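Just below sit the structures, each encoded as structure tokens.
What follows is subunit A paired twice: with subunit B in the first complex and subunit C in the second.
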Partner chain A sequence: MKALSDIRITTALALVVLVGGGQLLPDWALFLMTIALAKGLVSLGIVMQMRAGLVSFGQGLFFCIGAYVSGLMANFTGVTDIFLLTALAVLACLAVGGAFGPLLANYRGIFFAMLSLSLSMILYGVLSKMNSLGGTDGLNVAAPTFAGYAPEGRDLSMTLYLYTVVIVVFIGAMLRTGFDSQHGLVSLAIRSNELRVEYLGASVRRTNAINYVISAVLGGIGGVITGLAIGHVDPEYAYWTTSGEFVFVAILAGYLSIPAVFVASIILELVRSFSNLYFPNTWQMVLGVFLLVIILALPNGLGSLFQRRREGGS
Partner chain B sequence: MSDSSTGATPALETRGLMKSFGAVTAAHDITVSVPEKAVWSLIGTNGAGKTTFVNMVTGYLHPDEGTILFQGRDITRLGPREVTRAGICRSFQIPQLCSELTVLENMLVSLAIADPKPPSFFRKARESAAEDRAMQILKRFRIEEYRGRLMSELPAGVRKLLDIAMSMSGHPKVMLLDEPTSGVAAEEKFPIMDLVMEALAAENVTTLFVEHDMEIVTRYSDRVLAFYDGRIIADDAPGDVLNDPQVQRYVTGTLAPEATS
Partner chain C sequence: MKLSVKRLMGATAAAALSLGIGAGAQAASHSDTFKIGLVTFLSGGAAESFGVPALNGGKLLIDMLNKGELPAPYDQKGFGGMTIEAVEIDEAGGATKQVQEFRNLVQREKVDAVLGYVSSGDCLAVPPVAEELKAFLVLYDCGTPRVFEEGSYNYVFRTAAHATMDNVSLAKYMTSRGIKVDSYAGVNQDYAWGQDSWADSVASMGVLMPDAKASTALFPKIFAGQYGTEISAVMREKPDLLHSSLWGGDLQAFMLQASARGIHKRMRIALAAGDHVIPQLGKKMPDGIILGARGMNGLAARAKGGELVDLLWDRYKAAYGVFPVQAPFRMWQGLLGVKSAVEKAMKANGGMKPTAEQMAAAMKGLSWEAPSGTITMALGNGHQAIQPNAIGTTKWDEAAGEMTLVDVEYYDAECVNPPDGVKAVEWIKAGFPGAKCD
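Now for the complex of A and B:
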């Protein structure tokens, strides 16, 4: 019961801070926060898999699918309702994740990473060659509506930010419950000793497939929000460098804490924005040095600052 | 299908198991019939085929030929997970524990998996009933004081006991222990075996254990299988097997090997 109330308190606190803080943010920061939180969801999916010892280098696949759902629906059907678009992105990613998850769950280490990357690069290649879907230029995405409400200007940015905050906090609370669940503990056991888990009678493949599908859904939600926030989608969403950024955030955050993932994502967006401003040609170098320092100082990522291992096993 | 002495279905039966790794024959016509609640030991020098036998029975290796029956059911082609679910568990010569988890968390993992339903995303791993059950098992093996420790902080004997305790959380019908006292301090061997055998006997578990220490073999097993070169060269009560000249020559080393011309 204590853990449950801890989650509720953290959830309420996160909502108050993010919603309240958002009112004070200037437009550029509101946009940056929306993007960072949405992309944080995608990285959270990688963290989910990292807890079972796998790292996906192809999370851009689902990020791109989610984003293209918003672009395609707006351009070909006129649907702009964000709730409907999010639901469709979830369904699309469930279908694709459900189709490939059981296959990829047979692989480990670099093979899993490269296979997941290859899937996202196939999508990148297909989208780049399909002129009917905008080719390499991509598609513009109409501004979203919210169950009939069609805000503009600052109101639109604020409403989209609040929508993102609610989703992030809800999913964060759900995943915290999941991390503390039987499934979550078995995932950590797989990370430590896969053979032991099989000899206890659990299916490692099943656990990895479930984690993959959940991470697919998170990728899709992150993609649809990002597509709507930027107002444009293109094949770069599935490109390997995009997937690499999600891995960067996951490594920066570590697998211990959920808030750390979003903090890491915000840090990445801030470093990217300011480095782009002040060191436009060398911003990746700044990012690399930053990651190096974090790995050396905090091998378990920023999350180890948020959550130390409990002593006494209780 | 039935145990010849009692007519009952054996807990575990193997018929003509064969296994080769290239030119090396690790198992040659291994046929055994283990009755319910029996405690048998497997002895032999390194490379004699004991662990290959354990690995075949527990699904890690599949025999090239032959059949493995558990309570009359053919389990020859099942993998480790299905064999465990069927009711055959094992411990390892090198304890297979989850190094990033504490002792209590290791037990919670084994209990969550032992549940007939798959581990749930919505059921807390640390709910009080599960923790109480885990603590009961840790107390039974007298390792509850280590509950919050990580594997790297545990003595060898505690690792062995935890490995066995985790295997027992699924209430197996047959347990295979691979060298349960190897790497353990001499003075800890008998206390560890006492604890393990007491726990297994309390649940009427049919037990086979691989062992090199003949004192332990004599004290705890009611039958001994002596392996040599992938074959069973003796199969009888401990006193008879240990007095067998072939066993003394090829397993215990108390007789000099026969000279070859």
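Now for the complex of A and C:
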């Protein structure tokens, strides 16, 4: 019961801070936050699998499916309603994730990573060849509408940001509950000793498959929001470097804390944005050094900071 | 100790966050400087051939303009007396990143204009954002005709012709130089640029040389680097002509591997955009290669000469030790176009620093002189440039120790570019209606 009210308080606090903070942000930062939170959702999917000891190098698959749902619907059917697009992306990712989840749940370690990667690269290859969908150049996406409301300028950025915040906070709270539930604890146990979990009567395969499907849905939602915010989708969304970036954030955050994932995602976007401005020729190196320092100083990620404080407090 | 490191990390992270967000409150640029964002590839596959030479050319020109070293009509210092200040951004990282960087340039750095983008994907992704932010955007390099054929913008311009004229000109060169082509093959990269180039080439040849047969079309993936299989396949096919729109390291690798096997002695090779690898290849680029430069750029411009060409050529060579290829030429024509638009707008508004609306109004349908010839914003309702083109044949000058271009054919802008309102592919297939050639 205490845990439940804790989550409620954290959720309400996160909502207030993010919504209130958003009003103060300049335009560029509002946009950066929207993208960072949306991409954070995708990384959250990886973190979810990381809790069970699996690292997916193919989250770009679902990120791309989500983004292309928004792009294709806008271009071919004229649907721009963000609620409908999000629902469609969730359905598409449920279908694809549901088809591959049980298959991938049989694999571990590098085999899981490579198989998930290959699936996203297949999508990349197919989209690159499809000239009717713009090939490698991709296609533009119309600005989203919100149940008939069609804002422009800062209002559009703000509405999209608020939409993202609500989704992120809601999903974050759900996942926190999920992480502390039986399923979530079994995931952690799988990470430490898979064999023992099987002997205790839990299904490792089923747990991994469920984690995969949920992370697929998270990837799809992140993709829809990113596609609509950027206004352009291309096969690059499914490319391995994109997936690698999500893994980068997941490693940065560690698997201990959910807010840490979004903080890590925001930090990555900020570091990239400013390093690109101040070191246009060496920004990749700045990013690399940054990751290296984090790994050396915080092997369990940014989340270990939050975790420690929580333990100290109770 | 370990804990304190962690505390430090936490504090640093928090500080970085607040600092980053806070840094947005920078002052807007003054009215005596004109801040321009330059976006081009500084890393990755397109950096060596396009991005870095373009940026070098751009920095050189901005420096010269700020000192007032150009001849009339560009003799006013900077842009209309305002000092030009450039903000450089790396284009690597994909369209998603570029949209973010563009927003940062406009909203955080408060630039007055952005000039950039080599990649067609970026050129499609960024214009809607420029339109949304009402920011003046000039695309200077990318090739896809889709930008203004599929979209219509108020604040977006492209100061270079799109890629259609590259392959139309190549086909015209075959007919006008009397090169016998019964069959031709293609080696193009497997992405939008390569696929479009081959499609344009086949369509143009279909009109100008209807009897020539397109034999094998090979699409190695981009940045493949190894072309042994493709070269074998083409040599087995024995076409009269080999068409390729490869660029950068790919083109260098292909030419080295192909010429080692003597392919250039068995067939003519036509490179749609090949001039930019000559500084790297030098004498290893065989004689007799038919070469385009996406405009009257580089060696083709040198062959024609002119005050601006000589200025660019000599100053660039002095500064960077190599001659300027197509990229610096396109950067110059972009910057000179912006300069012309800014100064025209200032003339109309009484010498004030022009707004994005005023610059856009001034640039629409504008025509100006660049080292690459007369640039006219003729297409896309006055937003898309057309420019003259030139195709030539390589010949190594043993005495001077440098590559030259011989048998150069020049094409008027209106001869190799479609008229306004006609889609490029349809224009080629219809047999170039409305083309004005000498």
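To be clear about the criterion, the second predicted complex is superposed on the first by the 308 of 314 C-alpha atoms of A that agree within 3 Å, B and C clash if a C-alpha of one lies under 4 Å from a C-alpha of the other, contacts with A are read in each partner's own complex, and residues count from 1 in each chain.
Rule of thumb we're sticking to: a contact is a pair of C-beta atoms (placed from the backbone, for glycine too) under 8 Å apart; a residue touches a chain by one contact, two chains touch by 3 or more.
All figures in this text were calculated on a predicted structure; none of them were measured in a lab.
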| request: Check subunit A with both subunit B and subunit C modelled on it and let me know: fit or clash. | output: fit
| query | Now for A:Val79: first (subunit B), second (subunit C), both, or neither, which partner does it touch? | reply | neither
| remark: The answer to whether subunit B or subunit C touches more of subunit A is C
| query | After superposition on the shared chain, which partner residues are touched by A:Leu104: those of subunit B (first), subunit C (second), both, or neither? | reply | neither
| request: Applying the touch criterion given at the start, work out whether A:Arg196 contacts subunit B, subunit C, both or neither, answering first, second, both or neither. | output: first
| First (subunit B), second (subunit C), both or neither touched by A:Arg206 | first
| message | Looking at A:Asp137, would you say it contacts subunit B, subunit C, both, or neither? Reply first, second, both or neither. | response | second
| Angle at the Cα centre of subunit A, taken between the Cα centres of subunit B and subunit C once the superposition is applied, in steps of 10 degrees | 140
| task | Pick one for A:Gly231: touches subunit B only (first), subunit C only (second), both, or neither. | result | second
| said: By the touch definition at the top of the document, which applies to A:Gly184: first (subunit B), second (subunit C), both, or neither? | reply: first
| message | For the superposed arrangement, tell me the lowest C-alpha distance between subunit B and subunit C in Å. | response | 20
| request: Using the superposition described at the top, list the residues of subunit A that contact subunit B and also contact subunit C. | output: none
| remark: Listed in rising order, subunit A residues that touch subunit C in their complex are 25-29, 31-32, 35, 128-129, 131, 134-140, 143, 152-153, 156, 226, 230-232, 234, 236-237, 239, 241-242, 263, 266-267, 269-274, 276-277, 280-281, 283-284, 294, 297-298, 302, 304-305, 308
| Residue ranges of subunit B in contact with subunit A within the complex | 58, 79-81, 84-85, 89-90, 96-106, 108-110, 112-115, 118-126, 131, 147-149, 166-167, 169-170
| said: Considering only the defined contacts, which subunit A positions touch subunit B in the complex? | reply: 3, 177-178, 180-186, 188-189, 191-193, 195-203, 206-207, 210, 310-314
| message | Per the contact definition, I'd like the list of subunit C residues that touch subunit A in the complex. | response | 3, 5-6, 9-10, 13, 16-17, 20-21, 23-25, 42-43, 87-90, 92-97, 99-101, 103-104, 106-109, 120-121, 124-125, 128-129, 132, 144, 146, 150-151, 190-192, 195
